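Attaching a single structure in structure tokens format; questions to follow.
Just so it is clear, A, B, C and D label the chains in written order, and each chain counts residues from 1 on its own.
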Amino acid sequence: MGSHEVAGEHQVAHHFKSALDEFEACKQAMWIFLVTEVLFFSGLFVAYTVLRVFEPEMVKAAHHFLDWRLGALNTVFLITSSLTMAFAVSASQRGDNKRVVRQLIYTLILACGFCVVKIYEYSHKFHDKLLPGAHFGNTELTANKAGLFFSVYFVMTGIHALHVVIGMGVILWVILRARKNEFSPNYFTPVEITGLYWHFVDLVWIYLFPLLYLVG
Amino acid sequence: MGHGVALAHGDNYINHSKGLKSWLNTLDHKRIGIMYLIAILSFFLVGGIFAMLIRLNLFSPGSTLVSPSKYNQLFTYHGAIMVFMVIIPMIPAAIGNMVLPMMLGAKDVAFPRWNLASFYVYLSGAAIACASLFLNGVDTGWTFYTPYSIRTSTSAVWVLLGAFVMGFSSILTGLNFVVSIHKLRAPGMGWGKMPLFLWALYGTSVIQILATPVLAITLLLAALERIVGIGIFDPALGGDPVLFQHFFWFYSHPAVYIMILPAMGVISEVVPVFSRKPIFGYTAIAMATFGIALVSFVVWGHHMFVSGQSEFANFLFSLITMFVAIPTGVKVFSWLGTMYKGSLHFHAPMLYAIGFIFVFTIGGMTGMFLATLATDVHLTDTYFVVAHFHYVMVGGSLLGFLAGLHYWFPKFSGKMYAETPAMIAAILINVGFNVTFFPQFILGVLGMPRRYADYLPQFTTLNRVSTVGSWIIAAGFLLVLFYLIHALLRGKKASDNPWKALTLEWQSPSPPPHENFLVEPVVTDGPYDYRGAKAGPI
Amino acid sequence: MTLFFALVASAFAATVPVQGTDIAGAWDVLYWFLIYVSAFFVFGILAAMIYFAVRYRRQEGKRPKFIEGNTAVEIVWTVIPTILVMIMFVWGWVVYKKMIHAPLNALEIRVIGKQWLWQFVYPDGKQSINDLYVPLNRPVKLIMSSEDVLHGFFIPNFRVKHDVVPGMYTDVWFEAKIPGIHQIFCTEYCGASHSGMLARLLVLKDDQWKEFLGGKKIDIAALSSDPTFPGFRANMLGEGMPAVSQGDASAPVSLVSQGKTVAQSKGCIACHSADGSKMTGPTWKGLAGSTRKFADGSEGKADDAYLRESIENSAAKIVAGYPAGQMPVYKGLFTEVELAQVIEYIKSLK
Amino acid sequence: MADSNQHHKNHEHHILADSTAKQVFVALIVLTIVTVATAQVDLGIFNFAVAMLIASVKASLVFMIFMGLKYDHRENSVIFGSSLVFMACFFVLCFADLLTRGDVYVKGSILPESLVSQPSKFPKAWVSTQELVAHGKELYSAQCVSCHGAEGAGNGIAAAALNPKPRNFTVADGWKNGPKPSQIFGTLTKGLNTMPAFASLPPPDRWALAHYVRTFGPHESAQDTAADFAKVGVDPNKAEDASAGPTSIPVDAAIDLLSTD
């Protein structure tokens, strides 16, 4: 990542031969980190598929208790935030720090929207006692092992929401650096890395939405 | 051979800056490697004490030393500390951190700050796990099988979360090494001219990156089972305990290759140097390393042949496991091929390498008993399995670590260790190891199950022989610790290249300067090009 | 070379449990094949290293030869191990199939593992704790499940082992050849008294077996002790549970009749008739083994698993022509033994 | 692998044009609508496949263009591809086991709920509280509705075939054992001719059912006396109700229970 001296002027770390080398190393490191994220979520997708294959009726009955309209709204939030993030990255590549700040703020707003919808959904679940495993107490849904569906639901969307919140923190940090207009055509690595992370978070939700909300 | 002129050994990475603070927030990969080494060796001592207590308790039937439930905590801590805190980070993080950048001809790893972060993530994970010692312990075994790990009233959550945190340290090390190998190789060092230790670390890092996240999700779900009761692995709530075993072993089998591949890498470095001969079949070993790293992900089911897994899955896993044995065999034969017609020097690293090859062959062959379906039914979950994995872990990774420690000790301490005590210690450890663990093979075939605090009187003599063996091996380890510390304090000055090796790290003075090289190294010929004068005696 | 093999054989001869069944014999042949192959490679490599150490040690004026590899040799030592490994796999698979597929006429005994004792339920309803009575020279199939955590059922003399998993039936089978006591171990870690959770397999000759069926108490002291562990007769070790030495066979009330009383006390007969007459629920007469047509059009055989699932999780499969959601959920209201009894009762209604 | 040390391909970084970004965005929104639409139509097993297909198309749009894999070094695509390969290995071999376990392995819980060691949330269960009644309602709908009916009038679906008819809770008279909580608790424990015994339900559940059943009719007046409590073996002033079952039945109790059963 290299340490930064004067605003706008980035000093390449001593062990890299050139700025391009350092940028490619950081990008490759980010891709490797995303590999670990894919495998981290793969465990949850296996747990979900076990439920889907062995308790199809239960999953079908339980998914009616999830409001697919809210899921669709969240999907739109995240897709739009991906767009604004893409604008921010291309802006940083052109050194247009003003536009980076503006686009990242839009991304933050959309992310907050996502979190608000999530909080509302969770409170609705707590109210109806649609809780994981042993705590499941809902009376209308009497399908066998219904608690397991909500265990998988809460763990998947919970960990994903945690990643969204972490992403918001990182975006905030990049906004602060962009306000000190540190980014220029030959140094925009932090924005590119944050962009990769954010697009990945959106990518995970693109799979979560149909799996949990649209169980046909 | 590079500059060859004895430079004034003024500035080096040890006296580059003084004071504890300069060590604790250093970005120098060599210092981070040494800090890792100290932490790992102290946890090794703690794990070793638990091992000695286990053997003492099993000296005679009737669990004399501790009560059965206390014994369960002993073997759980022995397993958890040795696996998560010692043997996984041992060679990659301690020796790998010190050696990899210099072998690449680079000034440091790709991300020095992430490297330091990985050390502190490791320490905090270890601290969280050890916190359970002061609460009410943990007695689930290092495998945390559900539903027992959910039902037990001991503080298993702490160890689960501790191991979860330590997993990130492993990922960070792997990530650092992969990017460094991709981006920081010295000019002229193509993939075909890279030393085999780097190939081994590359394979290990690939496994660390691809397998550790699944451990993270498994431990997280197990912790949630205990805290919230989500029921995915809990049969009382409709979950499937065998599914937990699938999740756990998807990480843990590749993890045993995280342990053994670096050790094989060290042996592939040591044997050619002390035979003064190029490694036999370089491409075969490099491809075997990468092959093992990939195939290790699709064989985990051989841990679960009798756990309730379906017959078809047993067939599949047994068949694929057989293909993991082939590259391992190729490596062992290639090391023998390297010794053939060489000029063998029996310094300590070579002694450990020879010990490694013999002991690892026994470990490998007994692995075949456990990969073959019929024999595994009788032998699994008995002391046969305990003996098998100690042969490949203690015999494999640990002897590989000791070989590497002695091989690079002159380079990084600037001092030479004394050869005679090293010889004695090597023999002590090899003998003690075989006396401890060979009787356990026979105990296993006779049917003594593992994790038993108490056993039938008929098993007494073999257990006693094993306990005596554990005293011998302990003596060997203490002797190693003694003479290495002695060498640090009052050892002879080591030359820049005491073993006349050809890999890049020997081109800089020992101990190396802060920036690793006085002159930017350029790779012209291979890492094992022992031709003509270069093949001269050490 | 024969001296070498004789040495290895004698060293290992006394280290294998007796062959309690024919399959144990077949197992031992495979085991010895693996021992010899391993011994050949281990001692071969040791001999090679010793020879190299002596022959090619550092000597003045002796130069090491510059060899970087030899593809022919490398191919040889890749192909030969592959062939050897495939032989091991196929042989292992063949013996394994025999070890896990029980003959159809096997005597079925139910095994229930619970923290730190084994409970056996015989077809005629008798139960015993930590003592399993089986007939000599007859195939016996153990259908096993656990009531709390994982356990492992292991009989070294018969080379038989399988984990006992809560929420799942797993099974092992054997045909005992040697009468007398055989040691049983728990091999999956299950807590404080995992090492104490032993059991005894008592193989009875025909006359003793008829006495046992008749309900007479068997004099265990008269039975010969385990040939692999001579003199060891106990069926549990150490603290953790009360001394249950004589697991006597209780009054012989057959599983089927006990199943009938359970069906009454649980209210099954309120909806299910035993004589084929039409009631709220499908009749039990001729149910066991028949193929059932379900409401969603699919079909299935009414085997043990189906009967059990229909009791515990009745909404899972609804028979065509019957309203869904009418039968209450009985999960948790039947103990493992009661389930076994009701299922046997249903299977008896031909 | 592109060997980036030898020759510096100092190609310019690819900058994603705003227009392409907008096109991708529109495509993603359209695909979201499509996936929601296809979900309304019930195609059985194909629903899952179609949903996954659309999601994969959207995902590939994101990582090829937004994340720039299309314009990047091939190294990063190999890295990202490897993660999908290993995830596939995990799925395939896990389900190679799960799908082929055959009939011997029956699914479903074997451990009776009553033995699951939940700490009893109702220490003095025989005193009626709002929470107990709610808990009773849950149990009632799972176990008793089929005979006693949703309003407790004894007209459940299965009641048609029963003789005598299940108890009608809404009326005060006709109770064979009496409407006091301890008396209903006793009926639940021992059962009453065709009514099954619910002894294996944990005692707090039986008390909850008793309190809930009393809410159907005018039974407030019938309260328990010390003698009534003694009959069911409960000492009213002790905090912990004595008859709460321990986590697992002690061995000797298990033997008696089983041998006499």
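Here, a contact is a pair of C-beta atoms (placed from the backbone, for glycine too) under 8 Å apart; a residue touches a chain by one contact, two chains touch by 3 or more.
Since the model is a prediction, treat every value here as computed from it, not as a measurement.
Colleague: Using the touch definition from the top, list the chains contacting both chain C and chain D.
Modeller: Both chain C and chain D are touched by A, B, going by the contact rule given at the top.
Colleague: Quick one: most central chain, C-alpha centroids?
Modeller: Chain B is the most central one.
Colleague: Report the pair of chains linked by the most C-beta pairs in contact.
Modeller: Summing C-beta contacts for every pairing gives the maximum at B-C.
Colleague: Averaging over Cα atoms per chain, report the distance between chain B and chain D in Å.
Modeller: 43
Colleague: Could you work out how far the Cα centre of chain A sits from that of chain D, in whole Å?
Modeller: 28
Colleague: What whole-Å value do you get for the distance between chain A and chain C if each is reduced to the mean of its CA atoms?
Modeller: Using C-alpha averages as centres, the distance is 47 Å.
Colleague: Would you mind pulling out the distance in Å between where the CA atoms of chain A average out and where those of chain B do?
Modeller: 35
Colleague: Could you list the positions in chain D whose residues touch two or more of the other chains?
Modeller: In chain D, residues 4-5, 75, 82-83, 86, 90, 94, 98-99, 105, 107-111, 113, 116, 142 touch at least two other chains, as defined above.
Colleague: For chain C, give me the residues that contact two or more of the other chains.
Modeller: 148, 166-168, 170, 313, 329, 331
Colleague: For chain B, jot down the residues that touch at least 2 other chains.
Modeller: In chain B, the residues touching two or more other chains are 151, 182-183, 210, 214, 235-240, 242-243, 308, 311.
Colleague: Sort out for me which residues of chain B touch chain A in the complex.
Modeller: Answer in residue numbers: 101, 106-108, 110-114, 171, 175, 178-179, 182-184, 209-214, 216-218, 221, 224, 228-232, 234, 237-240, 243, 247, 515.
Colleague: Please name which positions on chain B make contact with chain D in the complex.
Modeller: 151, 182-183, 185, 187, 190-191, 210, 214, 235-238, 240, 242-243, 246, 250, 297-298, 300-301, 304, 308-313, 316-317
Colleague: Under the touch definition given earlier, write down the residues of chain B that touch chain C in their complex.
Modeller: 62-63, 67-69, 72, 139, 141, 145, 147-148, 151-152, 235-236, 238-242, 275-284, 306-308, 311, 314-315, 318-319, 322-323, 325-326, 329-330, 332-334, 336-337, 339-346, 354, 357-358, 361-362, 365-366, 368-369, 371-378, 380-382, 442, 445-447, 449-458, 530-531, 535, 537
Colleague: Once bound in the complex, which stretches of chain C touch chain B?
Modeller: The contact residues of chain C facing chain B are 12, 15-17, 27, 30-31, 34, 37-38, 41-42, 45-46, 48-49, 52-53, 56-59, 62-70, 73-74, 77-78, 81-82, 85-86, 88-89, 91-97, 99-100, 148-150, 152, 154, 156, 159-163, 165-168, 170, 183, 185-196, 228-232, 237-240.
Colleague: What residues on chain C touch chain A, complex-wise?
Modeller: 313, 315-316, 325, 329, 331
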